[in-house]
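These are the structures in question, set out in turn.
What follows is a pair of complexes built around subunit A, which joins subunit B in one and subunit C in the other.
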Partner chain A sequence: MHSILKTSLAALVAAGVTASSAAADAHALSGELNIISDMSNPAPRAVMEGLAADFGEMHPELEVNLTIVDREAWKTQIRNALGANPPDVVNWYAANRMRPYVDAGLFADISDLWAEPEFEALASTKGAMTLDGAQWGVPYTYYQWGVYYRKDIFEQYGLEEPSNWEEEVANCQTLLDNGVKCYTIGTKFLWTAGGWFDYINSRTNGYDFHIALARGEIEWTDDRVRQTFANWRQLIDMGAFIDDHQTYSWQEALPFMVNGEAAAYLMGNFAVAAMRDGGLDDSKLDFYQFPVINADVDFAEDAPTDTFHIASGAQNMDAAKEFLRFVTSAEVQTEINSGSGLGQLPVNANASIDDDKFLAQGFEMLSSNAGGGIMQFFDRDFDAEMASVGMEGLQEFMVFPDNLDDILMRLEETRQRIYN
Partner chain B sequence: MSVSPAVPSTHASQPNRGWYKRNEIAITPWLFLLPAMIFFAVYVIVPIGQSFWISFHEWDGLGEKAWVGTANYERLLGIGDQNMDRKFTVSFWNNLKWLVLYLLAIPAGLFIALFLNQTVTGIRFYKSMFFFPFVISQVVVGLVFSWFYLPREGLLNAVLAIFGAGPVNILGDPTLATYGIIAAGLWPQTAYCMILYLTGLNAVDPEQVEAARLDGAKGHKMLWYVILPQLKPATFIAFVVTIIGALRSFDLISVMTNGGPFGSTRVLSFYMFEESLSEFGFRMGYGAAIAVVLFFLMLGFITYFLYSMYRDEKGAH
Partner chain C sequence: MFPTPLEKTSRQWQISYQVLLPIMLIIWLLPLIAVANFSIKPESDFVNGNYWGIPSSFDAFSNYGKVFFESNMPRYLLNSLFITIPTVIGAVALSCMAGFALGIYKFRSNLLIFFIFIAGNFVPFQILMVPVRDLTVNMNLYDTKTGLVLFHIAFQTGFCTLFMRNFIRALPFPLIEAARVEGIAEWKIFLYVVLPLMKPALAALAVLIFTFIWNDYFWAVVLTQGPTAQPVTAGITEFNSQFRAAYHLMSAGSIVAALPPVAMFFLMQKHFIAGLTLGAVK
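Let's turn to the complex of A and B:
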């Protein structure tokens, strides 16, 4: 698959290079370009290696050095990597996750790049890349979140995709009556619970409220926050979630759905590949948007964006910027986000979306049915410390909902310390 | 290794004895100690000082440090009008649980050592089997035990089911999880203590045993009054390594529960890591303050051991 991707990328590069980056050819890039990437899973790794190889072929004078770091390890290694002798280009995440590196002056301000006309095609993600009025990186992929469910199980019990909370709860009751759990989830690494909070809170109180909470402008003990937890608790008290979810990672929670012990999974689109590997083909697996809870608020969706950044200490700024132009160009975006590559959504509006059931539905949902706004995800929208304390509280709530008062008090204490 | 060259004497009448030669006896020991002292200073003493220094700052590990005085300690210990940091309290009590329960490795190791201290065919093989858990990495031990404890597929619940006991999710239950991890830690630690005692038993004086037997000692009296006193050096080492092992329990927690569920299995070293170095940890100052507290805890224990060692040696003379 790797070689197919590479050759096809090379082909489109050969075709597209003269048109899209004629400017670059005028003054040939030379020297070295050092890239550190966290795309360590098999498919993303092949994509990244293809990108580096093709970029190197486009610029024969330039030596492209690619280092791939384990994705989890990179989350802690990035600060050492950016410190002394930094690479030129690195991977990271959008929104508040950029904050420490922006504040410390380790990411280069690339607002000039965003001012170029080609970048208008990326306008939808500009907000997520903006901090303090400047842009600090470019996105290369994003993906929708939503409820992935077992179509065959829904058909067996005569259920429809729910469009509001009452239907959601009624569906769940039917499933439970038949001995099937409604949702699988693995909260050992906490963040999965953040997805549930993002959705229930934004559906209950709206996008603006959710983001204000993320900015620390609203107290955790606020009644509107309590309403979110009350809605969530409805499901918990029914026994909608699988037992012992605090012991599983998100991957370990997948077999429950594959074996038919649970009917649905609130997840990002990256889980589809694993579900298909587990034997769920498109006749058994389907997707619906998280249902309406409060009819007065518009849909807001989680759609985390993965990004490339230039280190402020980059040695080869020209080549680094050219690489960012390259990965965000429509052709490359189409190619790397296709089903044989990342299998996610392209960030360039002129790119075409792969013919995949879930990508098509996700793109449709995000472009026409997410009027409230796009959330980056709990751990990217909230301050780092607030996110870690918060997600721990969410996990505790899912296991011991009676501890809610204590949890909220703790979160509020943390909020006051961080934001005051 | 090069030494200072002999300084030419200014007095022609004096015998040609350089400065080094004259002070050789005083200086040589220090020269031998020097490399160790440099390394100890650079890798131990200086970092301790730096930790103290950082603990008085608020610092994200990237930008500028800001001096906050003792604010980190006040928050940690709940001085003034704030509550004591609950994560700190939980971690502290978990550390104590580790300290106390980890000591079970000593009697368990002694028991196995006594059991294996016999000459039958293949005893070397049995000994190495018992020693095996100490050889494999802590990470592997953690993984094996977390599979063992799995709520549905785990071996533990399969065994419990035979006796009709209900399924338990040890690592998912905040009241049990720490004990579950300690049990996993005891497995390799017992093997370690066993090896220490096996070596100790080799050094037991057979004449004393013979003499005791003539005096009619046997069974637990023989063990308590004759064997154990001779094993005292081994017990001492076992004690030290077990205490230190309990205080640095980090990898098992990281692998088995990642500090969860909801932070109930944190210990101080894990909390320190979480605050300063983990994915969401950008609070170097606060992490350093935890490190300082842990440092004093360890210092207390080590001082006690050094003192008792000193006392024993003085008593022996």
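Let's turn to the complex of A and C:
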């Protein structure tokens, strides 16, 4: 009986009968839905287990089987898992990280889902879910990046949130004149420098240029890339960043800001919880969007997005698609991203968010002020090997800016080796 | 006599020795002191950069409480026991028998087999990582305690056999000849004559293997991956959330994880000493 059901479902899928959501709603979902999730940390784990339980309750004839795999381990297991005896739904990441599985035909094309009117609310990440003109997954959460700064220090020296590069540099000079570093950063594990590059490059040359560079279509020795580094160097030469940052992790760089030795931190929203633990309440801590550098290009923002995908070998395509509709709905996204759940931002523009200053500003920024596009962060947008060589170069540049020519040559060699 | 007893050295040397010793001890123990200090600090101390100073508040109860009641630590500790104890029993039992055979009987390939056991110890175990991992996956033992136990037994038996064979070799052979004259079966000689004499070696080896296996991190990470099978050394990293390392909880967890081998050493100290003197009195 069971296998007959599976075959008939497969036949339905093959015939393309189930493409519309009306067909899926018309008959109750049945069979099994196998989900492998990488939400292994305690709070996300509870969220995922809640999702599976709720979905199972809505579809009593469907058996929802959830397997939770360690988040780091999943990065090496996903290919195996999708290859032999694949589950229906898996967790993964947006943008270029999908590339190996899309190219290998392991993710199912779900452009038909994205064509449904409900998915217009997810427009901010549509670009990040698109490869080769089709969509391959749905987002369930993301978080903003931006500049977190010491409001009290800014007030003390009469500074305003900068909206363009000149104000930014002027602010920084005032801070430095008063013996306060402009930015704290810990580049020991490299990725933090990637955030700075993402922002300065996309503000200087625009989102499309940044993504073209990430895809290996532009030479690292291009003059526009040099312009990005020239802008960055302005800050480095001023001494805007804390000293010896290559010896700190991102957490170890926090005390400089908490103790007032540095005024701001370009970081993801997860830093807020740590800063609050350190005693910075909302009267001392605030947020601003990375300022404009080139007025001709629109804002692009880093917002790493976590996603659900359907395996191309899924046995229960109907149920898998219904599950994706379920996790992208405004109500579910509101619930799972609340403070008691993931504590991040829902992607669905109709979802509501917790009463939190930083979540509110981030949601507003990503939903309505990121016209350029959503970047996934340096190590997700760039090819994995390019990213690791690239981030080493960025760190080296921050410590020895004079080595720039050398660094760019090295990155360019890597690009030619990887992309050609 | 070397080293010269302290009483016979000059006064200045005695004083500088007494001053330097505690200083060296503290320097040597610094990492441990830091971990102990971290484990009673609140999380906010790490954000404030108060790494080495006095904890801003005394949070030992809440930190250790979280370790025991709000995490998988008890589970990991139990896993460690379920991995370590069978390994100790298995490796010691096998090596007793192998050591008996190699130490007592004279047969042609005796020395060759013994050398093979020793040679196994010269293989750096890291180079076995990929084949062992593949083997475990193919045997459906990946991510199970059984897989880890089998591998540890196989690998530790080499060293244990070297130890046991040499110990049995040193036993007075006339004891065994006397038993043979009495017409006692060989397995009874092993059980009733040799094994009781090996008690100090058994105790010493068991303690040694217990600490080896309990402290193993490498294979725990290579062969297991979740709270169902991972021992405590690998499980400690669970306190890291997606973005932040919880230094205070990891430190508390490390202290808890380090206690069993330490306790084991102090409880079994007598056996060490008994073993040493037994050998000397002969």
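The definition used in the following text is that the second predicted complex is superposed on the first by the 384 of 420 C-alpha atoms of A that agree within 3 Å, B and C clash if a C-alpha of one lies under 4 Å from a C-alpha of the other, contacts with A are read in each partner's own complex, and residues count from 1 in each chain.
One rule holds in what follows: contacts are C-beta pairs under 8 Å (C-beta built on N, C-alpha and C of every residue); 3 or more make two chains touch, one makes a residue touch a chain.
Here the structure is a predicted model, which is why all the values come from computation and not from measurement.
S.K.: After aligning the two structures on subunit A, examine subunit B and subunit C and state clash or fit.
M.R.: fit
S.K.: State whether A:230 touches subunit B only (first), subunit C only (second), both chains, or neither.
M.R.: Neither partner.
S.K.: Quick one: is A:53 in contact with subunit B, with subunit C, with both, or with neither? Answer first, second, both or neither.
M.R.: neither
S.K.: Just to be sure I read the superposition right, which of the two partners does A:404 touch: subunit B = first, subunit C = second, or both, or neither?
M.R.: A:404 contacts neither subunit B nor subunit C.
S.K.: Quick check on the superposed pair: does A:70 touch subunit B, subunit C, both, or neither? Answer first, second, both or neither.
M.R.: second
S.K.: Identify the partner contact of A:44: answer first if only subunit B is touched, second if only subunit C is, both if each is, neither if none is.
M.R.: second
S.K.: According to the contact criterion defined above, which of subunit B and subunit C contacts more residues of subunit A?
M.R.: Counted on subunit A, the partner with more touching residues turns out to be B.
S.K.: Once both structures are aligned on chain A, how many angstrom separate the closest C-alpha atoms of subunit B and subunit C?
M.R.: 5
S.K.: Output the subunit A positions appearing in both contact lists, the one against subunit B and the one against subunit C.
M.R.: none
S.K.: Using the touch definition up top, name the residues of subunit B that touch subunit A in the complex.
M.R.: 60-63, 75, 83, 86, 150-152, 169, 171-172, 257-258, 260-263, 274, 277-283
S.K.: Name, in rising order, each residue of subunit C that touches subunit A in their complex.
M.R.: Residues 43-44, 46-49, 225-226, 241-245.
S.K.: Quick check: in the complex, which residue numbers of subunit A touch subunit C?
M.R.: Touch residues, subunit A against subunit C: 41-44, 69-71, 73, 249, 251, 254-256, 258-259, 268, 270, 273-275, 277-279.
S.K.: Inside the complex, what are the residues of subunit A that reach subunit B?
M.R.: 75-76, 79, 82-83, 100-101, 103-106, 188-190, 243-244, 246-247, 379, 384-385, 387-388, 392-393, 395-396, 399, 410, 413, 417
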